[in-house]
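Right, one structure below, let's go through it.
Chain nomenclature is as follows: A, B, C and D, assigned in order of appearance, with residue numbering initiated at 1 for each chain independently.
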């Protein structure tokens, strides 16, 4: 349990983990550490290997290579029922023939906990998830959100060292999902559990996680705090997958450490580069829509010239679609007050600009 | 025009359904009525009503003995078939076994191969083993023939069952046997019971293997009925047939209730 | 009771298949391996497989091998089969009867399956019950019931004469009429359940789409509905066909000597003449014909699934 | 084989039997065996099913069970192939079987039977012509032309076998046994062969004759079925056994028989070789020979006794139905059991092949 493993070492450690099905590689060379009490999320499109990795942590699948350590101890040879983990499944996997209480009591019974203790702990955890009154119901008599809480209660009633959650909110509607996100965060804080969470919903990942590991094609593209990932993506995939990004084609100029210059059309801009790129290489410059500034064409002539195509009303914001000289379209997000101030109209000639720390350069390796 | 065509189709469909229902059920109803006949021959409608054929049935040692034999075959064979069939279904559906689907198909063979072939084959082998005319021989034959039902019923229930329930049990600390006993088995129970019921009904009805393998001393009801139908068609057969029909109806209703109560179904 | 057995198995299987369709089955995970190593659950298969091999495959193999070894080694039994026209006649009878019974079953079964799938909830429940009842009732009992129903002075003839449809009672028993009447009755559920399962899988919006796209109901049916239910239809038809091939009780009780079928011949050869060789050869032919039909089904339905 | 072991049965013999001239008249009742000495034993009695076997149960088996305490299991119908298969298998399931005379003769040659134990069975009670080393005659009976009195009410009724083959004068379905024995004789007589020239049978001629009515004929496989066909009105005329016709008529079926060209035969009780209850089986045969029991059977199903002393107790109303009635003997002939002994298997296969075409 958490106590035994102190606050120093990682709860979970993956080294060079690999898994393939037949000839298809599902997970390739994954290295990862999950710190104590951390909420770590695996984010990625479907088929990116995130669930497979989770399953290997749970012991429900076996890695072909690499090692997995839980609480510092290798668990490669341990079956799921001997690993100190709790898991919440996508469709909850509540035992349909058992009442809520019996479901939650199940892991305690498996651990040989005495009856009075079971009753006490079940009552506690049902209290925690706010369903103390539902103990005698059968799972099918509960709503989706309630089932989800029971699944959570069942997975944590025995204080496992690590809680695994596989797209636990996937089946809920948007409103309920947001409510459950807050709930899970609250429980995470109260119980000080370490959580490994899988989702394909980037917003969910951004709002809930301490850190996010972005999966793509069986590999971890980048791992970091939500802010790091959003503001400083290290790969084009991350920049693209997480939030919305405009990619402007250009050519690499001189660079020094993380700073560089990049040519777009016949203009030169400052930007950042997460990895060294040889000068002259075709690159793309990634700029978030909310970081793009638009101005009517002005005398000083700074920025890319563009034409406003359309303005989309989003309530609290406005999205402007602009066309660049080469015909590409870009998206610009303005806060309502900002937008109202600038009073643009379709057809208007504009200039686009950004601050250099908000522009990231990636090699143009896919079109 | 369009509505016309659909309406005509509905009328046609309704007519076919009514005729088909009559076709399937009416003969059985007639047998039940004749079983209460007062006449010595199988006449319809019966000239009068009586219970004499039921009395005849229960007073005749030939019938009561054969009923006893059928039960002595049915109980062990249905139990063994259920046990072996369930185990095999679990292995095929849940085990990671190379060629599981081929093995599954092979287990269905006894109901795809015409009964006469199975019967002749067993009869031939039993001759050398002295198993013809023995309860053991009949029980083995009935297990072979009824086991596929259990395999089919249990494996289709297993396939419908969410495999993550077992995964969940494992992550919650249940070793495989405990997971099976606490989660899989209770969820499969309705299917297993339904398989058992089916195996019992099939064993009771089984004729061809029994015909080859039984003897005068060990003769199940189906064979007794067969030789009577071939010989002496008096309404006693209608009486036993009505009882068989009632037994089948009860078994079917029980199975339907079981099926409705399956926990996996979100009804 | 061979047919009895097949029919029940397919009942169980399809009844559960229906359930699979109705309940939404969990999506298949890329399958897991709890243990990674060879699964110990293979041991659970041992008793069933042992029984299957010792008490079924072995004995059937021995029966079939007698075709080549009894009374002496060689192909003599097949030469005999070829030379005695009677035997081939029976094989031909058997196939003809199966070939007549199958389309009748499909023609009656299709509307019933359709009503069972698309009718009102009450109608559906009743139809399923009505089709299941004979399924669970002993074949012997039902065949006996047909003897009573069809006899010369039986209720059916009484009704026909009463309605003035015929002056004289019709000969309905101990001929092809009687046999088909009994056979189709026993076989109907075989075709109804697979069809029903296939129909459940047809998304109703397809038919609506076809109708909005300008196809008349008849055309929509022929071009959309029928092709989509074809795999179920073919499965049902094949089941009917091969179970008819193995019929014993029905032709023995309802047919005449001209409707003697191959199973009766096998029984006669063993019980009356002790000709194990001929019996083995006939069994082999019977299995071969059934096997070819199943193979054809596999190919057509298999290809259909690929094509879609 | 000497003639002595196969006493040729003649019409005169049967006539003699009916008049009680043939053998020593038995008296003295049963021998003194201890009552209930077979308690716990089970004896399997195989016969031809239906009304006949019911009558045998009441007349032979029940008294036997009462005297000895043994339990009798009824089985059937008797089937020659099954009988042979049992003997080959080593442990026959049956202890006593009722067989026709042709099978008795065939079975002696093939060593299918236990020798009758004359220390148990008092063979002197039975007409000597029905006593064999391997079986004791139990009934004398005949194949007859039966017809529906309802179908032919107020019209000409069929009399001879030729009438059965005359689809114009006697329309409707007819029935014959699904058995080569007697059917051949019937067809040949219908085709004009006089009874004394029947044997050896011209089988192909008989089959050609049968082809003419094949589509109109239902072949019964058991005697009970032959009764049922008349009861149900399924057929209008055809081949039945005299006792079966009597039983159907007694139960109210519209059936009458013609005695023209009737074919007479005898059934024997035998003990299959290797029977595990041979001694008990002999006791059952012994009980069968008692006159009271034979008379009881005759009164139930109109099959004639083999114990001449039994005739005294036969109901006079039954007499016209008995094949041993002098008038009935005169109009019929006795089946050639030797011919059938020697040709049965071959003709059965020919018959099976013909049926399928």
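Some observations on this one:
The working rule: a residue touches a chain if its C-beta (ideal position, glycine included) is under 8 Å from a C-beta of that chain, and two chains touch if they have at least 3 such contacts.
Note that the structure is predicted; figures quoted are calculated from it, not measured.
When you average the Cα atoms of each chain and compare centres, the chain farthest from chain B turns out to be A. The busiest chain interface, judged by C-beta pairs in contact, is B-C.
Averaged C-alpha coordinates give centres for chain B and chain D that are 40 Å from one another. One simple way to say how far apart two chains are is to compare their mean CA positions; for chain A and chain B this gives 54 Å.
Chain contacts: chain A has residues 59-60, 79-80, 91 touching two or more partner chains. Counting partners per residue, chain C has 26, 32-34, 151, 153-154, 271 as the residues that reach two or more other chains. In chain B, 42, 162, 164, 167, 170, 176, 233, 264, 266 are the positions where the chain touches two or more neighbouring chains simultaneously. Within the complex, the chain C residues that touch chain D are 84-87, 89-90, 151-154, 169, 171, 173-174, 256-257, 260, 265, 268, 271-274.
Chain B makes touch with chain D in their complex at residues 40-42, 62, 65, 127, 130, 132-133, 215-217, 219, 227, 230-233.
Chain B contributes residues 162, 164-165, 167-176, 178-179, 182-183, 186-187, 263-264, 266 to its touches with chain A in the complex.
Residues of chain C touching chain B in their complex: 1-6, 8-9, 12-13, 15-17, 19-20, 22-23, 25-26, 29, 31-34, 39, 41-45, 47-49, 51-52, 55-60, 62-63, 66, 108, 111-112, 114-115, 123, 126-127, 129-142, 144-149, 151, 153-155, 158, 185, 188, 211, 216-218, 242-243, 245-246, 248-249, 253, 263, 266-267, 270-271, 276, 279, 283, 286-287, 290, 294. Remark: chain D residues 42, 44, 46, 49-51, 54, 73-77, 89, 91, 93-94, 221-225, 228, 231-232, 251-253 touch chain B in the complex.
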